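In the two complexes that follow, subunit A is the common piece, with subunit B as its partner first and subunit C second.
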Partner chain A sequence: MTSFAETEATLAIAADDADRADRRLGLYLTLPAQILVLFIAVFPLLMQLYISLTSWSPLSGRGWWDAWTLWNNFANYLNLAVDARWWSALLRTLLVMAICVPAEFLLGLALAILFMDNFRGKRVFYSILLMPMMVVPAVAGYMFFMLFQSGGPVNNIASAISGHNVAIAWLSNPSLAFIAVAVADIWQWTPLMFLILLAGLLGVPDDQLKAATLLGANWWQRFVTIMLPRMRAIIVIALAIRLIENFKIFDTLYIMTAGGPGTATETISVFIYKLTTNDLSWGYVAAIALVVLISLSVALGIAIARQTKRREAAS
Partner chain B sequence: MSSIHLKGLTKHFGSFQAIKQMDLDVHDGEFLALLGPSGCGKSTTMNIIAGMEGATTGRVLFGERDVSDVPMTRRGVGFVFQNYAIFTHMSVRANLAYGLKVRGVPKPEIDKRVAAIADFLQLAPFLDRPSAKLSVNILQRLAIGRSAIVQPAIFLLDEPLSNVDAAFRAVMRTELKHLQRQFKQTMVYVTHDQLEAMTMADRIAVMDHGVLQQVGTPLDVYNNPANVFVARFIGSPGMNLLPASLRETDGNIVADLGAAGVSRPLPRGAAKAAYAQGIQDVWFGFRPEELSLAADSQGIAASVTFIERIGSRTVVHFDAGQAAGKAVFQNDVPLHAGGAAHMVPADAAVRLFDRSTGRAIGEA
Partner chain C sequence: MRRPIAFEVFRYAAIALAVAITLVPIAWMTSMAFKPTAEWQATGANLTWWPKSPTLDNFRFIFGQSSTALIVALERTAAKPILSSLLSAGFGTLIAMGAGTAAAYGLSRFKAGGNLPLALLQLRLFPPMAVMIPVMVMWTFLKLNDTWFGLALIYGIVTLPFAFWLMKTFFDDFPREIEEAALVEGCSRFRVFLKVTLPMMAAPLASSALFVFILNWSDYLIALLLTNREWATIPVYMASLSSSMTGQLYGAKAALGLIAAVPPVIAGIAIQRHLVRGLTFGALKQ
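Our next item is the complex of A and B:
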């Protein structure tokens, strides 16, 4: 018995040694990749943090490594807190999200439900529906830029329908420009919602729907009690993707209005872009970017934690 | 309470005929088993009764009422799916309450009936558990409870016991029978397991290749199979069928089994009548349990190929002429593989089938 126990112990130690050697080898092998990641992700972040604490700009006549000489006592962050243009850009971004994402979700869901049934020409409609998603956003922006010109097709059609000469200056009226931009975003991204939600709907077990029907549930009852709860995870994913993407809205919008008229459609991305290319205040931009990154990470972290908690409670 | 009548039912899937011209009456309060091998159309029949699929032609009646065009939401049949189709995102309680809730039954009434059915099916300890992680046995009872709680007049079960273990299956067979006696529903039970059909059903409807082969009480189907398919399908092992030709000897009709010998005079008039009609080529059928050993040169001459001794009984596989057969004896028999055996079927147990049509000859 003793000898057996000893053997066991020896084996355990040997295994431990082997384990350690394995781990060391693993470290060596992944080292190049880790250094690369360090360079790609960590270094820019640190550099950003560094610059965000200074009033350095490419026109300051010094290399970025000398930026410390322009240390400005957190002035970038303090300015940001009271920068009216920043706050309105943030609010505008949130407003775009509040309009576009629910609209895309509801439209996408409605279309997905329609596509659960079979009808003539379903495949053709399916292809047509997915096309906007394939269009390069900048091209989509250009399309809607032309559509919404005062002499453009939108006004032409409105004239033809109403019988009056309609010449609305869509893109130069602050609130109309906002609507035009939202329409373009909804046009382009409803298909993605549709696609994800259709996948979700198709994943709802057919026999459960049949069982519910046999128990006397009508369509709406089945939708609320079976389909929606079964799609919860996929709805969360679809909304998350669109919220994150929509927060970064830029190409379409920039080509249509360039944030204008004035700053009427200026979102965070456009705001940052202008600060970077027009004002060249890179220290300030670095500060904004960091604030956005950290707030988004915190918000997302909380959302994920809550979701995980709910899932654990459910199981 | 409601009877079910299928009239001239057919169902095509493209060019495939799943059901061919089926007429079936299920009596009010009856437990009918729809029995057949996989792909025989029994599940399709069930889906048509439930309204999940429409028939290509033919009508479905519940009692006097033609429900062929009534959508499944309003047919009001209880249905237990083979995989149970439990709403796994809900608790056991929510599953049970579902049918009542969607019908707008008031809350206190729902609570009362859920408690009652949970008590009856021994689901009470699980009521507030999520249904996703229950064992198959509990899911099974839950599936039955969820349908039974709305007290449907017609209850359809699609192979509900095929996923549960053997011991629980025996328990559930009794439970189901008990449930049906208590609620007096008309039950249609789809199964490919003849033991389930024989033990539970008032009548059995045997199907094959979309054709209803025979409807009758379990014993009737067992004793007097309407055709060769039913004879082979019912019973474990099925009926032995040896090719034979009828001929007359000394005023008696006998079956000539070729190399296996000649049968004793066939006692029943049907054989005589068939012979008179010119039917000579028949299947000579008898149950494996109805054989007894005979002295040499009597009865059916067979060579034993294989013997299974299962304790309570002995199954002897044998060749008789060109055909193979099985014999089942209650005790061990002095036979050995490779040896010869002479066996005689009990006179009353012999069944004859027309070899050209496969149909049983009279009360043979």
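Our next item is the complex of A and C:
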């Protein structure tokens, strides 16, 4: 018969073994993901840095490893700083964000409020309203490309309403093309805001709302003092997701206008894409891409740090 | 809570408007897809919202039947691009879900993985356009350019963050007591994962996989850069549906667009319950 102490000792050893085995298993399980991330992150970034210091291009007739022979004394970065086309693409991207994201947020919030309690047909309407975000963005681009043709349905509806023959060339007018692109983005992504904000609204505890009602608070007071503060985190998440995704805007926009007319709707992704495929100046593209990546990483770092600080302050 | 009648009227009016705006572009494309050539070429006052003589000609055309009205025949049919989209999105989903599920379990149970979650989040933050130069160089070097598996590999990496975060929240919710019971029975940790946890997670696994598939299926930019002739995916191929003689082949484009749009919409409605979780990286569970 083993003594109590012995049993405890064997148990401890067994637990230790199990611990080590667990840790090993955890390592093995995360390994494939780690390798994939390394494959796409570390090595490519080093290659990108290397190429960005040269004027290498796939047409230069040498392998990328020989790019050092085309070393150009940081010319890519210096050129970027004074490249007007880059700065206007950046501004335009920010402008698209400033128009689309608030519009999507407000429309999504309004719809979410309408869907807060039960009514006839709620489930069907809900499913229909979510459809745009599941449509392949490139296909959505073609849809709006067709809609905004000068002989297309948008003008047709406008003609019917106004009584005059409307034949606006939406996509070949710089500011109208911009509006058309924004409309397509808002059409496709308002549902995402709606979906997330509705989940947030439904998560607000019922008893608090009831208590406020009993105390005589009207709907607007309940909305401002209880619902909005309760939804704070969710609103931040929804806005962050859309800001990040909107910054990358490419598919719908490229199919509708290809960045045109001229460069009127050229955002950062379109700008980089054109340099990559038309100009083939890959050294320059690598430099731009690195600047974008570093800026975004810094922004993410600051955002996370602020968020953690706020959480610490709250707890 | 009783609502005044006026509110109900306003609500239905507002929702009807939203539904109409939502459906117009989709309805227009659907209508175009079934219109004969003369009707989809019509402009201005001659537009018809409903096809007067609905036909499947546009679908037949993209699958290779020549059209008498157009006097053009397609050099390539839509069959291979559809296959390419299916293969690359399907295998991409397999890669993302395989690596993502394993890593999520490792992190959820053993706190393994170190900086992996943050690295994955960052991966999602980056515009794909900003990492494509090295990928294009590597893919040329590895002879992965213009192949469906080259595309599948990059899709797997790009959607890995979604697969990982979704599965992590599902594993976090999974009751450990069940696993511990199996451990006491003498199963190894890994066997418990394979034989107990995964089978019980079949439904969340399926929803996550559908979610990741929709994302992969929706890609345009990456396929545009990494494929050209042989394995162009549906959206890339779609651009070729125009000719110098007749201009844009709207009917054919609408037909193919409809084919591309249907699978994700059905899948999306099927996993509606988990959409919030997926889109917010599991930060929000509905």
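Here is the rule we go by: the second predicted complex is superposed on the first by the 278 of 315 C-alpha atoms of A that agree within 3 Å, B and C clash if a C-alpha of one lies under 4 Å from a C-alpha of the other, contacts with A are read in each partner's own complex, and residues count from 1 in each chain.
Methods note: contacts are C-beta pairs under 8 Å (C-beta built on N, C-alpha and C of every residue); 3 or more make two chains touch, one makes a residue touch a chain.
Remember, predicted model here, so these are calculated numbers, not experimental data.
On the shared subunit subunit A, the superposed partners subunit B and subunit C are arranged side by side without overlap. Within the superposed three-chain model, A:207 lies in touch with subunit B and out of touch with subunit C [touch as defined at top].
Contacts of A:136 after superposition on the shared chain: subunit C is touched, whereas subunit B is not.
In the superposition on chain A, A:216 makes contact with subunit B only, not with subunit C. Of the two partner chains placed around the shared chain by superposition, neither subunit B nor subunit C is touched by A:278.
Within the superposed three-chain model, A:162 lies out of touch with both subunit B and subunit C [touch as defined at top]. In the superposition on chain A, A:230 makes contact with subunit B only, not with subunit C. When subunit B and subunit C are set side by side, the one touching more residues of subunit A is C. Judged by the touch definition given at the top, the superposed model places A:118 against neither subunit B nor subunit C.
Following the chain A superposition, subunit B and subunit C show a smallest Cα-Cα distance of 7 angstrom. By the touch rule above, subunit A contacts subunit B in their complex via residues 205, 207-208, 210-218, 221, 225-226, 229-230, 314-315.
Within the complex formed with subunit A, the residues of subunit C that make contact are 1, 3, 8, 11-12, 14-15, 18-19, 21-26, 28-29, 32, 42-45, 47, 49, 95, 98-100, 102-103, 105-107, 109-113, 116, 119-138, 140-141, 154, 156-157, 160, 164, 189-190, 193, 214, 217-218, 220-221, 224-225, 234-235, 238-239, 250, 253-254, 257, 260-261, 264-265, 267-269, 272, 275-276, 279-280, 283-284, 286. Residues 18, 21-23, 25-30, 32-34, 36-37, 39-41, 43-45, 47-48, 51, 58, 64, 110-111, 114, 117, 119, 125, 127-140, 142-144, 146-147, 149-153, 155-156, 159, 165, 167, 187, 191-192, 195-196, 199-200, 202, 234, 237-238, 241, 244, 247-248, 250-251, 254-255, 268-269, 272-273, 276-277, 282, 285-286, 288-290, 292-293, 296-297, 300 of subunit A touch subunit C in their complex.
By the touch criterion given at the top, residues 50, 52, 72-79, 81, 83, 85-87, 89-90, 98-99, 102-103, 130, 132-133, 146-147, 150 of subunit B touch subunit A in their complex.
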